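One structure coming up, written as structure tokens, with questions to follow.
Just so it is clear, A, B, C and D label the chains in written order, and each chain counts residues from 1 on its own.
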Amino acid sequence: MSTFGHLFRVTTFGESHCASVGAIIDGCPPGLTLSADDIQAQLDRRRPGQSNLTTPRNEKDRVHLQSGLELGVTLGTPIALMVKNEDQRPHDYSETDSYPRPSHADYTYLEKYGVKASSGGGRSSARETIGRVAAGAIAEKYLKAAYGIEVIAFVSSVDALSEDFRKLLSTVTREQVDQHATRCPHLDTAELMTKRIIRAKEASDSIGGTVTCVIRNVPSGLGEPCFDKFEATLAHAMLSIPATKAFEIGSGFRGTEVPGSKHNDAFVRREDGRLGTKTNWSGGVQGGITNGEDIYFRVGFKSPATISQAQSTAQYDGTPGSLAARGRHDPCVVPRAVPIVEAMASLVVMDQLLIQNARKTAASLLPPITTLPPTMVMPAKSSV
Amino acid sequence: MSTFGHLFRVTTFGESHCASVGAIIDGCPPGLTLSADDIQAQLDRRRPGQSNLTTPRNEKDRVHLQSGLELGVTLGTPIALMVKNEDQRPHDYSETDSYPRPSHADYTYLEKYGVKASSGGGRSSARETIGRVAAGAIAEKYLKAAYGIEVIAFVSSVDALSEDFRKLLSTVTREQVDQHATRCPHLDTAELMTKRIIRAKEASDSIGGTVTCVIRNVPSGLGEPCFDKFEATLAHAMLSIPATKAFEIGSGFRGTEVPGSKHNDAFVRREDGRLGTKTNWSGGVQGGITNGEDIYFRVGFKSPATISQAQSTAQYDGTPGSLAARGRHDPCVVPRAVPIVEAMASLVVMDQLLIQNARKTAASLLPPITTLPPTMVMPAKSSV
Amino acid sequence: MSTFGHLFRVTTFGESHCASVGAIIDGCPPGLTLSADDIQAQLDRRRPGQSNLTTPRNEKDRVHLQSGLELGVTLGTPIALMVKNEDQRPHDYSETDSYPRPSHADYTYLEKYGVKASSGGGRSSARETIGRVAAGAIAEKYLKAAYGIEVIAFVSSVDALSEDFRKLLSTVTREQVDQHATRCPHLDTAELMTKRIIRAKEASDSIGGTVTCVIRNVPSGLGEPCFDKFEATLAHAMLSIPATKAFEIGSGFRGTEVPGSKHNDAFVRREDGRLGTKTNWSGGVQGGITNGEDIYFRVGFKSPATISQAQSTAQYDGTPGSLAARGRHDPCVVPRAVPIVEAMASLVVMDQLLIQNARKTAASLLPPITTLPPTMVMPAKSSV
Amino acid sequence: MSTFGHLFRVTTFGESHCASVGAIIDGCPPGLTLSADDIQAQLDRRRPGQSNLTTPRNEKDRVHLQSGLELGVTLGTPIALMVKNEDQRPHDYSETDSYPRPSHADYTYLEKYGVKASSGGGRSSARETIGRVAAGAIAEKYLKAAYGIEVIAFVSSVDALSEDFRKLLSTVTREQVDQHATRCPHLDTAELMTKRIIRAKEASDSIGGTVTCVIRNVPSGLGEPCFDKFEATLAHAMLSIPATKAFEIGSGFRGTEVPGSKHNDAFVRREDGRLGTKTNWSGGVQGGITNGEDIYFRVGFKSPATISQAQSTAQYDGTPGSLAARGRHDPCVVPRAVPIVEAMASLVVMDQLLIQNARKTAASLLPPITTLPPTMVMPAKSSV
């Protein structure tokens, strides 16, 4: 369905042809200072038309807050927000409408619902992500204010063009990411990526890529065994983003080829006296629960399905033919996907944090445990 | 939490030190013929001690059905089942207890709950998966009986040893998979894998691998936009399995390097008159909704954390030292992970199928739509 | 939280001081003909200022549909709708602000969230119910179109003024209910109620009452054992309406005084060959599951807390004093509560119907049961 | 479905004919001292055969803890528990099997599932409540230990025999309740009730009654606007208990006849400096949120449907006839319902408390609000 989260709960609405898109955010902590500008910043990073690498459609995408705030402070009640669909002309029928676009959602939406929007794949439209990005920006603001948590995503590959970005994870900033239109913080690679994307564009074709994201300063203890492990919820969140096909956390697929003796993250005492790990192949999560180290993961985005070159395919009724999509489309989605990945990551952390808060506060009200061996009990201190 | 699914809902309990492990399965369709044997078959495939590649612990793991059935037929009420923990001696303390095992859940469980089982990582124990496998076997039995759906997983790599298994996807059977103790259906590769695993075992080390799974005969229309896309729920399910670090569906990460013009799955008319796709890079899912093609995906399992060679690490209090795990452990989990992957896949399909059944039945009771252009409406037929 | 339902899921937002109120309705069956007028009709019945019995505030409350429809047909995607708050002046502080209104939500909102809207009890505002009524109108339209289900509520008491309305349950219409401003379909009693309400108004006081609701033509089989029994979900829905204090279904509290031999509803063969009951003390539900008879229940609404006569009470800081509420307020809420009760009842039926659809369709795809004694198996026929 | 709660989540299984009944309790705070005895005490109060007022079946109902604990301390992981069905003979078919019992669940279970247990109404069996009572006992133990919360229910009427029990609410103890087999703490009334129940028993008939419950020392701030108001969740919980038909909180139905000027609970400064109310018609809840006063409510139980006198009714196929139920049955369920009401009340408080803990802890981590007028912000102090 269109709702994500348990205690910090986001419900989105809207597709490209309708009056507006938006979301209701339920469960935002009360007392957070919040303005439309906090949200607009991330919406602007998601917006098309930011560079010659993205689609030239010019959507203004101004967010309008409807509820849940007074005098710039959240009240704890649902925050509704909306962004108008500026260009809402009636769909003018053309011959291409008789073709389901290959690898797009036209066909599956019709199969699922028995009816579909004239503009095609309904909620699989990229405009659906506006509600997510707005909601994520609110979560991110809270996480930063209350925990100093930082959520930074960047483009880590386009086609096979990549780099070893692991050394950047502990330091990369949003400013560094936005230095280049590709949102790749390694400028030489970024230039190569640009050329690859422009080549796709000029060929009326498209290309995929990956986004890597790091979340810093997350307290230990988040993640709910056994089905709602931190990485499981994160994978759910990431694979719900349009055009994603793959997810890996920490060492990921490559880690399957490393023996345990090398892959294990040995413990060390950190400067603050708490335990840390010497390496971080786990990606900040062990047994489904955060361990306080940086959380990092990578998401694969396929090449966009909508391309303007002609493709041999079939009509809804099976008649073979050739389809060339009309309109202008992103030749590569990863630069614009960066704020979407950040948003979904923020939603996951926020929700898991609230759940763990509940548990931890409840446990703290019980008398100290005196009947268990010391290795079974954590010495008194607080991590969340 | 320990519950998975919305209408077909599984709640598991238990860890290695306690009296039993098991599950409650709520929402199983009434009228299904079911016996303990249906479930035992998959439990036996999950069980340790099946070959010299797995841990020599001998757990009998007999399932005991408690409720929800009469005379071998499901009643629609919750099915409870349990498997006793045979070997339930009190934990005998040793020096290793003062060390959190590296890359294991000892430390994070203590951080999360402030208390942990003496045996370590609690619900991150592989025994927790017994409840999942049992529940999955029930789902699978229904899916086969009602839809002819087949769920087949196999080991697709150990370390870097792999093969191009895509050509097997449409034909591979569970019998072929079980021909070899590795559960790799390509026998030459299986032999190499065996050697690699034995090498790890002899070195008191461990190694990872991947499991690939195909789900055949799934109707089109499953998956709930926008957050509960089919692949999102699948990724959630897979990353909730202990030791997983990565997930990809269809072309996955490799698909990010293929231009849209090659990656798009062109439509063709199938023999039954319905639309199919010529290729299947999408992995059976488009826009988060199944399209009726084979669904296939790959899951990455890291090398097991528990190894018996000595590792430099620190104690809970930060004191540096060296830890060598006691006991016998799987040097590689992927052969035993095969039925777990199948179980979780079955749970996802089952739940999404019930949800889509609700929607589709509801829509079918409305009068036919006459006011929309024909390209917006599916001609009358039924796919679920 | 602000979400109700599992498969037909309503999320509302907004309170009196903010830009708009509204809802997202997720899970509406696709292919339903729907317009703003379908929704407006029930909103107008909820609106203040309809007669001299309700508050003279004049809120236009026009609904604006944002998404989920095209050309007047639902697409299966989330339907967002909003109603602007016309009169959105900044709150002008007065001395009364230092008093939490007795039996109102001012104090508890502050206790819960640590911050509250300047206008008082936030989401306990009656404007919050606009989203529910709109969502209910959509559910009701589907239920009528697909099943011929009718949901009719009416005022069954004001103060102690009542009548035996049970004989009306099988025939009462919305037109009959709306004949009189009180929404009591028994005109003599309605006149007495009017006088009682005007007396309360003239005394700057308020008075309570009850609303009775009947749901006709609901199929048998709805309701989910054991926690989500039909009547449990209905009670949840009703007690979530502001100002409610009591709920009873069928014979209710009075039924506790009737011996089983008289209270039991004996079975009879109905004209259509199916089983019915001779009496209906059960109120259409047995064992938490609908039996196909009329469902009827009664909801108690307390006298409104906001009255303009002076009350001895205390300020937030405990200082004793006297408070007389400013503004105009309903002296009795039950006439306006009628469409709210109908809305919540429709939401319950809709959600339970979708869930049962899922179950029933799933069971129908299995081969017939041949191994059970005939008294354990229903002969083939379809009720949903 | 068979799951209740969000963060403290109970899933029950089992009916009368199967191997065992029980529950999984997920989300119990870690570090709670817990033994089977803590649970057994409430199970024994629910057990049949306690006096000549209840059914003479002798079920031992010993609880067996399966998981989630070690050395008598909860680990935070799911607690599974089961109670064996001792007397599990195969159902011997008799002529009565061709009759659905009037006002029982035989018919509706068959309508819902298309198949039913040979023993009849499946999960509507009173044995299903064992899992609830056990889960409630765990919640209650936590609530007492961490907050000093007391949950006391008692029989407040049988037939029309009652008393004004409101004056007892602040003092009544479980010991006082258990002084008399009826569980009515007013001994004269208890004696009259006894006679009424024995009269029903001797007439092979049955009679209903009500249970009143008070919850003391609940912190202010619990309850989630707008759909999960405290009283809405409580009503849901209570109406999910078999044989319930009615619920009222605070002044309830009678409160609908009291003008606002008398019904409003004026605020006063309590001895601890916090606000309290002079009267408590609200029943401890205002605007759906607890205010710190005693919470009290009343639940109506109908007369049991199973009576041994002959009733004119019809068979499943519609054939008219006469049915006299075999076996021994409770002539009145309210004495045994007392611990069930307490259990469900404890589950509601526990779940709402955890949710509010999450919210409150999250808000407490933000910097103090300085930009709002003082009447909008709670002075710093902590109530949960």
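As a convention for this text, a contact is a pair of C-beta atoms (placed from the backbone, for glycine too) under 8 Å apart; a residue touches a chain by one contact, two chains touch by 3 or more.
As the structure is a prediction and not an experimental result, all values here were calculated from the model.
Enquirer: Averaging each chain's C-alpha atoms to get its centre, pick out the one most distant from chain C.
Expert: Most distant chain from chain C: B.
Enquirer: Just curious, how far off is chain C from chain A if you go by their C-alpha centres, in Å?
Expert: 38
Enquirer: When the centre of a chain is set as the mean of its C-alpha atoms, what distance in Å lies between chain C and chain D?
Expert: Roughly 24 Å separates the two chain centres.
Enquirer: With centres defined as the mean C-alpha position, give me the chain A-chain D separation in Å.
Expert: The separation of the two C-alpha centroids amounts to 43 Å.
Enquirer: Identify all positions of chain D at which a residue touches two or more other chains, and write them in rising order.
Expert: Expected reply: 1-3, 12, 27, 30-31, 70, 73, 76-77, 112-118, 122-123, 225, 359-360, 363, 369, 372, 376.
Enquirer: Thinking of each chain as a vertex joined to the chains it touches, would you call that graph a line, ring, star, complete, or other?
Expert: Chain contacts: complete, every pair touches.
Enquirer: In the complex, go through chain C and note every residue touching chain B.
Expert: Per the touch definition, chain C meets chain B at residues 6-7, 27, 29-33, 70-73, 76-77, 142, 145-147, 225, 353-355, 357-363, 365-367, 369, 371-372, 376, 384.
Enquirer: Going by the contact rule at the top, pick out the chain A residues touching chain C in the complex.
Expert: By the definition above, chain A touches chain C via 1-3, 9, 11-15, 17-22, 24, 26-27, 30-31, 64-70, 73-80, 82, 112-118, 122-123.
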